[in-house]
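Okay, so chain A shows up in both of these, paired with chain B first and chain C after.
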Partner chain A sequence: MSRLDVRSIGMSLLAPAIAILLSIVVTTIVIAAVGSSPGDFWSTMFEVPKPRLRVDIVNQTAMIYIAAVAAAIGFRMGLFNIGLEGQYTLASFAAASFAGAAYLSGWANVFAAIIVAMAVGAIWAGIAGVLRTTRGVSEVISTIMLNSIAITLVGYFLNNYGVKEGNSVHTKNIEPGTSVGGFAPFEDRDGEIWTLAIIAVLVGVGFWVLLNKTRFGFDLRASGQSESAALASGINPKRMILISMMLSGGVAGLIWMPAFFGGARNYGTSFQVGLGFLGIAVALLGRNRPVGMLFGALLFAFLSVKSNDLTFGTDVSPSIVQITQGVAVLAVVVTYEVVRRWRTRLEQRAVSRELAPTTEATA
Partner chain B sequence: MSTTTTTTPRKRGVVERLSKSWLYIGLIGIGLVSFVRIVTDTDDLTAAGTIRAAIIATCPILAAALGGLWAERAGVVNIGLEGQMILGTWGAAFFTYHYGPWVGIAGAALLGLVGGLLHAVATVTFGVDHIVSGVAINLIGAGTATYLAEAIFPEYEGGGPRQLNGLEAPTQITIPGVSDLANTIADKHWFFVSDIASFIQALTTNISTLSLLVFALVVVSAVVLWRTSFGLRLRSCGENPQAAETLGVNVYFYKYVAVLISGALAGIGGGFLALVASSGFSTGQTGGRGYIGLAAMIFGNWRPGGLLAGALTFGYTDSLRLRDTQSVHSLLLLVALGLLAFAALRAYRRQVRGAVAVTIAGLAVLAWFLSTDSVPREFTVMTPYVTTLFVLALGAQRLRMPAADGETYRKGSAG
Partner chain C sequence: MRRLTKLSAVAAVAALTLAGCGGSDSEGGGGDKPAASDDVCKTADGDGPKIGLAYDVGGRGDQSFNDSAYAGLEKAVDEFDATCIEGEATDGEAESAREDRLRNMAENDATAIVGVGFAYSESVNAVAPDFPEVNFAVIDGFDPDEEANDNVAYLGFAEEQGSFLVGVAAATKSQTGTIGFVGGVNNELIQKFEAGYAAGAKAAKPDIKVEVAYIQESDLKGFGDPAGGKAAAAGEFDKGADVVYHAAGGSGSGVFDAAVEAGEGNFAIGVDSDQYLTATAAQKPFILTSMLKRVDTATFDFAKSIDEGKPLVSYKVYDLKADGVGYSTANSVIEELTADIDGYKDKIISGEIEVPTKP
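This part shows the complex of A and B:
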């Protein structure tokens, strides 16, 4: 039994290892193809990051991780919530407007804004959930449409009701008492690790507990693996779809909250786009497992943040890491599939080997 | 085939016949537009300039939608259209700069095809989930185009890290006699006739050969997919690959061909954006048109005629937002009338709940039209997306995608 465990752990690490290797190879080839030096690139990337970048990496990891958990909730249910991008954009805007209006003060405002963010994200994802359960509309298509609608809507509200400052528009700044800074692990000028990055830890632990220690989590995993089996054991699949979609959207609403209360303080040019898609990628990379996704988020954050160094030392532009990230995702899903097929074949062989003598005996 | 078409019952009523054919729907649509144009006195609604802009906005969406059609008819969902389109914009820019526009288009198709190849390898050979692979390809496509542009274009004349301007466009053609005649009639602003005339005028005056090529590709795709044995086999892979395999069809081959063509078509759509729709390449210029193409294809029920109608609708609204807001506002009346007509059709078919819902929506839009006098630009931008959601919500039961669409198929699974 333990031998099998070691082997299965080895196999589950095999796929990400191959994928990372493959993405390194592809990145190297692309860099060499346009005539830059891959050696410079990798030595810059693998240098130990400066303190300021280390802080950035932690902060980015937190946000990407929240996004990954949001995606994973859908995946475990067999739903593809591609609409994280729209959900967290709309939710961040709503929360920033609410917090900026200062109906409450201090921590009460922070908590209320976070609840607003979760509610808006959940409702926006819920539209796709309702369309799926009542009208049979694929959540993939509806969430893609909802993404574009959300981003346009936010643009409309911002242009008409935002605070104009020079060329840019943003929501009202939150009052100093409401912002939740963080702590500076190094010197002050190196920046702070945002306090609300703790949301990532809570979400990760919550996800693990929900999935493995609650009836709901069991229902979720069961419905994700076989809807008919779940239905037969008394789970209402429509209810599960709607709840998990809204849960996924609710968590998506949290994605940008650490940055908002930690540094941005308004929704405007400082809003970071693309975290939703990164989250989906990291969920795939980490196989929807809480720990796996943590490593994935760390890797992606490291690549994104560290690529800033490239502009100084090399002639490779930082956008190269987008290729690395994309290839890593594609490679990891392909290798998981290959490893899975290989394992099935091994198991089939093992079964037929153990059955062989008995069939001979009966024959 | 021939026996079933000849024995079709000919007792269908007038309304049934009118609502089944895309030709009649198109004519009714033009009539409605013409009516709205005269009532609201916005000649811009069907001015040749508007229609020309609409055609230019339609073509990239149409090419992407066709790409979606090819892949999904063979049973592969291609959400990577967006990424393949982005690759196409870069390919068109690079090859046009060096070898002229037609090689540029070929280059766009080639880059799109590479994206398609990635998708085919992942989904067909390795059986990865189609959506997952598509999302990854969108990441790779966007990253590759951005990186290659930053690495190569700054050294070019008219280029920078995010754009490459001054690219030579494919030739435009004008048919002399027809163009002038149509222009004269269009200027009269008669009901219906002038609208058709300005449509003809737009099609015969300074139209890009690439636009014509894209429209021709719709016809070619329809013929190849529905009138040849190659197309029949390809579609059989999307409907029931196991059955196809038992009949000796090489399912993997057809799926590969379909996805490669799909990528190439999306690439051409991207090339159109870089060469015709604007004066050059810029990063992020696809703006989600790959997704809109996918929506147009679903809107059109996985049929060439339908996706053409979808792409034209989306392209028309897309082009209107660049023009004055008054014409967008009169478009509201058009939408209201369209919804009410649709409601009447539902009522005629005795679908009471649907009729009531659509009537309410129609009246709401009508009230919006009467109570305001302009529409924010952002709302026009949203139109394709909201329309798609509505169409899906109202008609998801009537839409029929290929039976094995999106399913992973393994060779030998027919048993």
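This part shows the complex of A and C:
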């Protein structure tokens, strides 16, 4: 048994290793094909990041990780919530509006705004959940549509009720006392690691506890693996779908909160789009496991942040890292499948070897 | 579950890659990127000021906003031996990425740094105080807080004045008495174009009818949706319009196609850069003129002010007087109208006509 354990750990590391190798190879080929120097690219990318980039990497990792956990909650249940993008856009806008209105002050305002964000994210995802449970609408379709609606809604509200400044509109600035900032590990001008990046840690630990230590987590995993088996063991699948959808949306609502209270001041040009989709990719990369996704988020954050250096040191476009990221996700899924099949075949062979003498005896 | 994973992997990869295609730059368009070797920054080695140019999403090759800034940079390199350094934005990048780009340029000894697009307003505001010896400029930008920066220039444009002139052109050219306007997104900025256009048309022909359509109410997608632009323009041609002006960035190519399909005698008017020069051969005869927003003038002007040791600071609006907006005469069809248009131009410059900024 222990021999098999060592082997299975080796195999589970094999797949990500192959995937990363593959994405490096593909990126290199693409860069060479467009006539740039892959050597320049990799030496720039693997250079030790400057202090301010190290800060940025930590901050970005936190946001991407929250997004990945939000996606993973759905995945573990067998739900494909592509609506993270719309959920966190709408939630961030709502939280920023609420915090900007300054009904409360200081930390109370921060906590209340975070709750608003979670509630809005959960409700928006809940719409897709209700459609799925009552009308049988696939959440893939409904969440894509809800993404569009959310972005249009936010634009409408901003145009009609936002603060206009120059050519842009944004929500009301939050009071300086409400911004909780962060701590600067290096010099001040190198930036701060956002205080609320701690949300990522809490969400990660919470996700692990929820999955492995609670009844709900068991129900969730059971429903994800086999709906009929879950039903047979007394789990109400509709309730599970709705709850996990809302939970996923609620966590999605948190995605931008670290940046918002870390210095963004308002929902406007500094709002970062695309984190929802990155989260889905990282959840796949990390196989929906809390630790796996942490490495995935770190890798993606590192690639995105470091890519800025490319424009100065090389003639490679920074957009190239999107290829690296895409290939990594695709390769991880493919290699896992290949490794899984190979492993099944090994196991089958082992079983047939065990059984072979008995069959001969009976024959 | 496994099928779901595979499905979602494909979708996620598609989302990642497609996100790269759908540049939602507010004024951008598509097009071939010029080869990196054409880059003037690779060869420039004069002893003039070092200029940093931080592009908006879309970067060089957008045939519009960013390319126009680059043209100004090229001129600066030519005229006073400037050297330069460029930085490209990626879609959906973090605020910190913009800041990092600007800091990189300042640390690489750039003395004049231009952020192309108002998205740089916040990041310039954060970076400028750390580099008091460097001068910054933001195209279309604004100061986001109360503390004035004494090393930042905010370079805006009087889009309504340029639009007024093409409004005159449209109304004078129109046979049917109806003209059209297609906006990308119904926001403050684009309403400026509409207001100037309508005012110009009314000034030339008081009884002219102006059909107005916006592709999107608020979604920035309206600037990158040629199909939507075509539908909106086709609707206006159907209602009897024979000249349609667009302020819809990349959606404009759809407007040009609609003019082509409407047939001879119908025209479209381009925006930002001289779109006659970048249009397809089929579209060219139908592009009456383009409203020019001279980002190149602003960029060059700023570089020049640094070279002369009198750096631009605070707000500056590039209007007709400063040659910051205008119209193009690339298509010879416009020639019979230029005398008329230039008459209005002089009146705007002298202040006799005041162009509204709201429809």
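Here, the second predicted complex is superposed on the first by the 360 of 363 C-alpha atoms of A that agree within 3 Å, B and C clash if a C-alpha of one lies under 4 Å from a C-alpha of the other, contacts with A are read in each partner's own complex, and residues count from 1 in each chain.
Rule of thumb we're sticking to: contacts are C-beta pairs under 8 Å (C-beta built on N, C-alpha and C of every residue); 3 or more make two chains touch, one makes a residue touch a chain.
What you see is a predicted model, and the numbers here were worked out from it, not measured in a lab.
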Overlay on chain A: chain C relative to chain B, clash or fit: clash
Chain B versus chain C as contact partner of A:Gln272, first or second or both or neither: second
Partner chain(s) touched by A:Ile280 [first = chain B, second = chain C, both, neither]: both
Which superposed partner A:Leu131 touches (first chain B, second chain C, both, neither): first
Which superposed partner A:Gly155 touches (first chain B, second chain C, both, neither): both
Which of chain B and chain C A:Phe183 touches, first, second, both or neither: neither
Chain C versus chain B, contacts on chain A by residue: C
Which of chain B and chain C A:Arg52 touches, first, second, both or neither: second
Superposition clash, chain B against chain C - the stretch among 9-17, 135-143 or 261-269 that is involved: 135-143
Overlap of chain C and chain B interfaces on chain A (superposed complexes): 36, 80, 82, 148, 152, 155-156, 159, 277, 280-281, 284, 317, 319, 322-323, 325-326, 329-330, 333, 337
Interface residues, chain C side, partner chain A - complex: 1-2, 4-13, 15-17, 19-20, 36, 39, 59, 85-88, 90-97, 99-101, 103-104, 108, 118-119, 121-122, 130, 140-142, 144, 154, 156, 185-189, 216-220
In the complex with chain C, residue positions of chain A that touch it: 36, 52-53, 56, 59-60, 75, 78, 80, 82, 148, 151-152, 154-156, 158-159, 164-169, 189, 191, 224-225, 259, 264, 268-270, 272-274, 277-278, 280-281, 284, 304-305, 307-309, 311-312, 315, 317-319, 322-323, 325-326, 329-330, 332-333, 337
Contact set on chain B toward chain A in their complex: 79, 118, 121-122, 126-129, 131-133, 135-144, 146-148, 150-152, 161, 288, 291, 294-295, 298, 376, 378-379, 381-382, 385-386, 388-389, 392-394, 396-397
Of chain A, residues touching chain B in the complex: 30, 34, 36, 80, 82, 131, 135-137, 140-142, 144-146, 148-149, 152-153, 155-156, 159-160, 277, 280-281, 284, 316-317, 319-323, 325-327, 329-330, 333-334, 337-338, 341
